[in-house]
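Scrolling down, you'll hit the structures one after another.
In the two assemblies presented below, chain A is common to both, partnered first by chain B and then by chain C.
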Partner chain A sequence: MALEEILSVFLGIFTDYTLRYVALGSAILGITSGALGCFTVLRKQSLFGDAIAHAALPGIGFAYLFAGVKDSLLLMLGAAIFAWFGGIVTLAITNTTKIKQDAALGITLSVFFGLGIVLLTFLQSIGGSSQGGLDRFLFGQAAALIESDVINLGILAAFCFVVLILFYKEFKIMTFDSSFSQSLGFPIKYLNALLTSVIVVAVVIGLHTVGVVLMVSMLIAPAAAARQWTSNLKNMIILSAIFGGLSGIIGSMISSTTEGMSTGPVIVITITAILGISLIFSPKQGYLFKYLRNQRKSQISLDNIKTISDNEKENHGNF
Partner chain B sequence: MDQKSSKKNSSSENEYSVLIQNLSVTYKTEPALWNIDLNFPKAKMIAIVGPNGAGKSTLIKAVMGLVPITAGKVSVFGKPYSKNRDKVAYVPQRGSVDWDFPTDALDVVEMGLYGKLGWFRRPNSKTRDIARECLDKVGLSDYQDRQIGQLSGGQQQRVFLARALAQDAQIYLMDEPLNGVDVITEKTILSILENLRKEGKTIVMVHHELQTVDKYFDWVVMVNRNLITHGPIKEVFTKENLDRTYQEKQRMSI
Partner chain C sequence: MEISSDLTIIGIAVLVAANCASIGVFLVLRQMAMMSDAISHAVLLGIVIAVFAVGGREPIPVIVGGVLSGILTVSLVELLYRSGKLKKDSSIGIVFPFLFAIGVILVTQAGNVHIDAQHVLYGSIEFAPFDALYLDELNIGSKSMWVLGILAIANVSFIGILYKELKISTFDKSLALGMGLMPLLVHYLLMIMVATTAVVAFESVGAILVIAFFIVPASAAFLLTDRLSRMLVLSVSLGIISAVIGYLFAILADVSISGSMASISGLIFGLVWVFGPNRGLISRWRRISKQRFEVDLGIVLTHIRKELGSNRSVSALTISNSLGWSKEYSKKLSEFIQEQKFVEKNTQGNFTLTDIGLKKIQNFTN
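Our next item is the complex of A and B:
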C-alpha cells in the first residue's frame, strides 16, 4: 500500500499538471544553485550567499508596494536589486570601516531581513485581497508555482548557464588564484560582479521554492556533497547540479503530499541527507572508508609489532 | 650583447626590463612603499630582501598593477605593464591559494596559458601539451593528475614555477619561491632559473634567506618601505647596508 502511494506521487510528475510544474521549478532551482554554489563554496563566500539571499526579502516587499500586484517577474526583479544592494553594502562596510567581513555580513543579513519582515507585515496589515501569500517567500511554496512561473525560472536558469559556460575558464582561475588571474589581465572586478550577479539570479530563482531564509543551503550543500566525490572542478559542478536538482524534485514531491507544507525545509532536509551520505560513504574522503583504511593500517602495524616481538622472543630464546 | 648596447649609448629602456620611478604605495592610510626609484637590469638574478612588512611583495605586485599605486610610474620594457603583460610571468606566494581546490597539477600549469588564450577560448590539446612540457621541466610529469593538495610543499612550489614557465615570459617575478622547500627542490628551481637567465631573462625574487643571497643572485634590492640600496651583490650586499635594511622601525624619509 505504502509503496503504491509513493509510486503514485512519483507518477504524479507525469500525470499531475500542478505537481509537474512544482517539481520542474524545484529542479531548475536545484540545478542552478547547485552549479553556481560550487563557486560560492570554493571562494569561501557561503555567508555572503546567505546575506544576499536574506537581503532579497525587502525587495519583494517594495516591488509589491510600488506595483500593487503580485506579478512574479516584478517581484523577482525587486528581489534581485535588493540582493545585489545587500552585497554592495557588505563590501562597502568592509572596505570603508574597520568592521571585518563576517560582522559586515551579519549586519547586512539581519538589517535587510528585518526590513523585509517589517515590510511584509505592514503590507499584510493594510490588507487588500492580493497581498496574502507574500510570506511564502520566507520558506518557499513550490505548490504555488504555475506554468508561466516555471518558464520564467527556466529562462533565468538558462541565462546563468550561458554565463557559466562562457566564463568558466575565467571564473575558475579567478577563484583559484585571484592575483595571478589579475596579473594575466583578467578584470577581476568585473568578473566578480558578473559571478555575484549570476549567484543573485540563482537566489531569485529560489525565492518561490526554498525561500530566502534557507536559500543558502541550496548553494552550499550540493557543492559540499559533490566535493566529497570528485577533485575536478568540472565534475564537481555537474555532480552538484545533479544533487541540487534531485533534492529539488524529491523535496517538492514530499511536500506536495501534505497540504500547505512549505517546500523549502523539505528540500533542504533532502539535500542535507545527500550531504550526510556523501560525507560518510564517498570512497576517497568519506568517514567510513577512512575509518576502514585506518583500521587496516593499525592492524598491519599491530601485526608488524607482533612479528617483531615474536622474533625478538625467539632470538632471546636462542641466546 | 653588452657591447651592442654600449655602442648604442643606450637609453634606459634598452638596458632595463623594469623601470620604477618615484613609486609610492599606500594601503588605506599606511604607507607600504615610499618613493622608490629602481630598475631591474636584464638577464640578472635579482633578490629583493628586507624585513617582514617591508613591502617586498608589494613591490613586485606594484610592477604588475596588482596593488593601487599612489604615486609614481612603472614601465616594463619601456611600456606600461598593461601593454607588455605577456612578457611577465608571476609566481605568487604558495600560501596565497587554497590547495584544496578541486584541480590537478597539469590543470594549474595550464592556467599559465589562459592569458594568451584570451576571452572565451578554451584550453585545448595544444595548451595541454605545453603544460605537460613545463611540468616535465620541473620534474613533475609523474604527478600531472595528482590533486594539488596531495603534493608536498616543494612540489606545489614547482607546479607554480611550471605555470610561470608556461607563460613563456621575459621577466619572472617570484614571491618567495624557495620558502619552505626541501634542498633538492631548491636546487631544481635554481638550476631552471639559471638557465632562464642565460637565455637573457630577468629573474626577480623576493628572498628571505640572507645567507644564500650572494650564492644564488648577482643583483640585490634592499627595501624597508624606502629603497635602501640596489645594485650588484659584490658592491651593495654589505653588512652596513644590511644593518640599515633590518633596522627596527625604519623611519620614513620625507
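Our next item is the complex of A and C:
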C-alpha cells in the first residue's frame, strides 16, 4: 500500500463523517475495556469476560423481540441484563455444585449463545429483514455506528471511569489482597458486584465494535500487554487503555478500507500484535532482552573460566 | 437407498451429540472445558486453510488441517503460560480469539471458500442430507453420517482401549506417572481426539456451539453420579436426548437447529441442577433445613431441661424469647415436640419433659 493511501485513510478520521464515528466508537471501546480488563486479568477472571459477553446475545434478541425497534440503548440494556444474569449463573453453578469454574463458564457461554442464536433465527423467520442489523453484534460492525450511538457509548464509558476513579483504592486492595480488604471492613460483596457491573458495561460497549464472540480478547490482551511494561497498577491501567484505544482506531481504519469486513476480527488481530511486540521487546521481561542478557551472562562466565584457567596455568606451569 | 432427510438430520445430530458427550466427560473431569472451547474455535483456521489448499471441502484434508490448528492452539497456550508471563486462562483467552479472528477474516474476504459466516457460527446441519456420498454412482447416504460414524468408532475404541489410562491420569496424575501409564501422551491423544471431534462437529453445529455438546451433557451427568462408567453412559444419553428434542423444537419453531439443541441441553442441565436426586438444589435445600431442624430440636429440648432444672417455667413464648427465634418458628417447634410426646403441657400451659423427651436428650448429648 502506498504511503499516500495510508495517509488518506488516517486523514479520513478528521474529514470523513462515518470514519470519524467508527474510529471514535472503537477507541471508546478499546480504552474502557483496556482499563477494566486489568482487573479481570489480575483477579484471574479472564474467561469470565468471555462467558458474560456470550451471555449478552439473548439479551439483544429479547430486547428487540419485546420492543420491536432497534433502539441502541434498549438493546444495550437487554444485553447488560443478560450478561449480568450469565455471570450470576456461572457463580451459582460453582457455588452450589461440584462443577469446577471452567466447566461452569463453558456451560453459561454455550447455552446462552445457543439461546441467542435461537432468538436471532426466530426474529429472522418472523421479521425477514430485521435480523440484518442484529447479526452485526456477533462479530461487530463499527461501520454501522452513528452519532447517537457514539454519544451513548461515550456516556457509558464515562460512567465506568467515574466508578473506577471513585473506587480505585477499594478495587486495588480487593484485587491484590482480598482477605486484607475484608479485614478493613470493605463491603466485599457489593464491591465485587460493582466491579462486575462496570465490566458488564465495557462488554456491552464492545458488542457494537468487536461483537460477542471476540470480546474476551479486548479485555485480556491490552492488560496482558501493559503488564509486560510495568508493575504499577495505575501505570498498567493507563497503558492498557492506550493499547486498547490504539488497536480500536487502527483496527477500525483497516477494516474500513475493505468492503463488508467486520471490525471485530481486525481489532483483535491488532491488539494481539501489540501484545506480541510487548512480549518480545519489553525491556524487563521481554524475550529479546532476556535472551541478550543470558547471552552476555554466559559470555561473562566463559571469560571468567578462561581467566581462572589461565591463572592456574601461570601459577603451576604445565600440568 | 432412500432415507428421509429428517431422519438423516436426526441421525447426524445424535452422532454429533454422542461423540462430543463421551469425550466431554474427560474434559469436565480434567478441568479442560475452556481449553476445548479454544480448540473448537481455532479449528476454523485449519479448516479454511485446508479448503484453500485443496480447493474444496474434502473430509480428510479438512480434518488434518483442523487437528493441526487444534494442536497449534494447545501448544501456543502452553508456551505462553509456561513462560510465566501470563496465567493459563489469560493465555487461552488470547490465543483462541486471535486464531479465530484470522479464520473469520479469511472466510469473509475469500469469496469461494464454500463456508460463510453463518456456517461458522451455527453450522449447517440442515443441508447435510443433500451432501451425499456416492460409491460407483450409488448413493450410499449422507457424507457427514459416514464421517461421524467413523469418528464414533474411533472415539469408542479410544475410550475403550485407553480406559484405564484415561481414568487413572484423570483422577491421580502422579499415580499414572508412577504406574508408567504415560499421562502426557494420554493428554495429547485426548487433545487430538477433541480437535478431530470439533472439526467433524463443525460441519453440523459450527465453531461456537460445539462446546455445548462437549460440556453441558457431561456436566449434567457429573451431577448425577460419582462413577466414571455411569457418567459416560449418562452423558451420552443426555446428549442424544437434547439433540432429538432440540431438533423437534427447531422444526416446530422454525429456528436454528444447533442453537435449539444447545438450548435444550442447557434446559436439561438446569433441570438436573435444580431437581437432581441427592445433589439437586431442592434436595440440598431440604437436607440443610432438615439438619437445621434436628439441631434446633436438640437445642430446644436441652433448653427446657435446663430451665426446668433451675425451677423456671417454659412455654412456647419463653422459648422464642430466650432462644431469639421468631414466634412462628418457636410455635412450630413446640407443636412438633408435643406431637412427638417429648413434652407435655400442664394446666398452666407450661412444658414438662416426658420420659421419651429425656431419652431423646440422652441421644443428643451422647
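Quick note on the criterion: the second predicted complex is superposed on the first by the 314 of 319 C-alpha atoms of A that agree within 3 Å, B and C clash if a C-alpha of one lies under 4 Å from a C-alpha of the other, contacts with A are read in each partner's own complex, and residues count from 1 in each chain.
Note that in this section contacts are C-beta pairs under 8 Å (C-beta built on N, C-alpha and C of every residue); 3 or more make two chains touch, one makes a residue touch a chain.
The structure displayed is predicted, hence computed values, not measured ones.
A.B. asks: Is this a clash or a fit when chain B and chain C both end up on chain A?
C.D. replies: Once both complexes are aligned on chain A, chain B and chain C fit side by side.
A.B. asks: Answer with first, second, both or neither: which of chain B and chain C does A:Val266 touch in the superposed model?
C.D. replies: After superposing on A, A:Val266 lies in contact with chain C but is clear of chain B.
A.B. asks: Which one hits more chain A residues, chain B or chain C?
C.D. replies: Counted on chain A, the partner with more touching residues turns out to be C.
A.B. asks: For A:Asn304, select first, second, both or neither according to whether it touches chain B, chain C, the two together, or no partner.
C.D. replies: After superposition on chain A, A:Asn304 lies in contact with neither partner.
A.B. asks: Figure out whether A:Asp177 sits in contact with chain B (first) or chain C (second), or with both, or with neither.
C.D. replies: first
A.B. asks: Given the touch rule stated above, what does A:Asn294 touch, chain B (first), chain C (second), both, or neither?
C.D. replies: A:Asn294: touches no partner chain.
A.B. asks: Go through the superposed model and pick first if A:Val216 touches only chain B, second if only chain C, both, or neither.
C.D. replies: The second partner, chain C, only.
A.B. asks: Touch test for A:Lys169: chain B only (first), chain C only (second), both, or neither?
C.D. replies: Only chain B; A:Lys169 stays clear of chain C.
A.B. asks: Pick one for A:Ser46: touches chain B only (first), chain C only (second), both, or neither.
C.D. replies: second
A.B. asks: Between chain B and chain C, report the minimum C-alpha distance in the superposition, expressed in whole angstrom.
C.D. replies: In this superposition, no C-alpha atom of chain B lies closer than 7 Å to one of chain C.
A.B. asks: Under the contact definition given at the top, report the residues of chain A touching chain B in one complex and chain C in the other.
C.D. replies: Looking at chain A, the two contact sets intersect at 44, 227.
A.B. asks: For a test of understanding, state which residues of chain A touch chain C in their complex under the given definition.
C.D. replies: Residues 41, 44-47, 49-50, 54, 93, 96-100, 102-103, 105-107, 109-122, 125, 138-139, 213-214, 216-217, 219-221, 224, 227-228, 258, 260-262, 264-266, 268-269, 272, 275, 279, 285, 287.
A.B. asks: Help me check something: in the complex, which residues belonging to chain C touch chain A?
C.D. replies: 27-28, 31-37, 83, 85-87, 89-90, 92-94, 97-98, 100-102, 104-105, 108-109, 117, 121-122, 208-209, 211-212, 214-216, 218-219, 222-223, 250, 253-256, 258-263, 265-266, 269, 273, 279, 281, 284
A.B. asks: List the residues on chain A that touch chain B in their complex, please.
C.D. replies: 42, 44, 166, 169-170, 172-173, 175-177, 179-186, 227, 230-233, 235-236
A.B. asks: Over in the complex, which chain B residues touch chain A? Could you list them?
C.D. replies: That would be residues 61, 64-66, 82, 85, 88, 90, 92, 96-98, 101-104, 108, 111, 114-115, 117, 119-123, 147, 163 of chain B.
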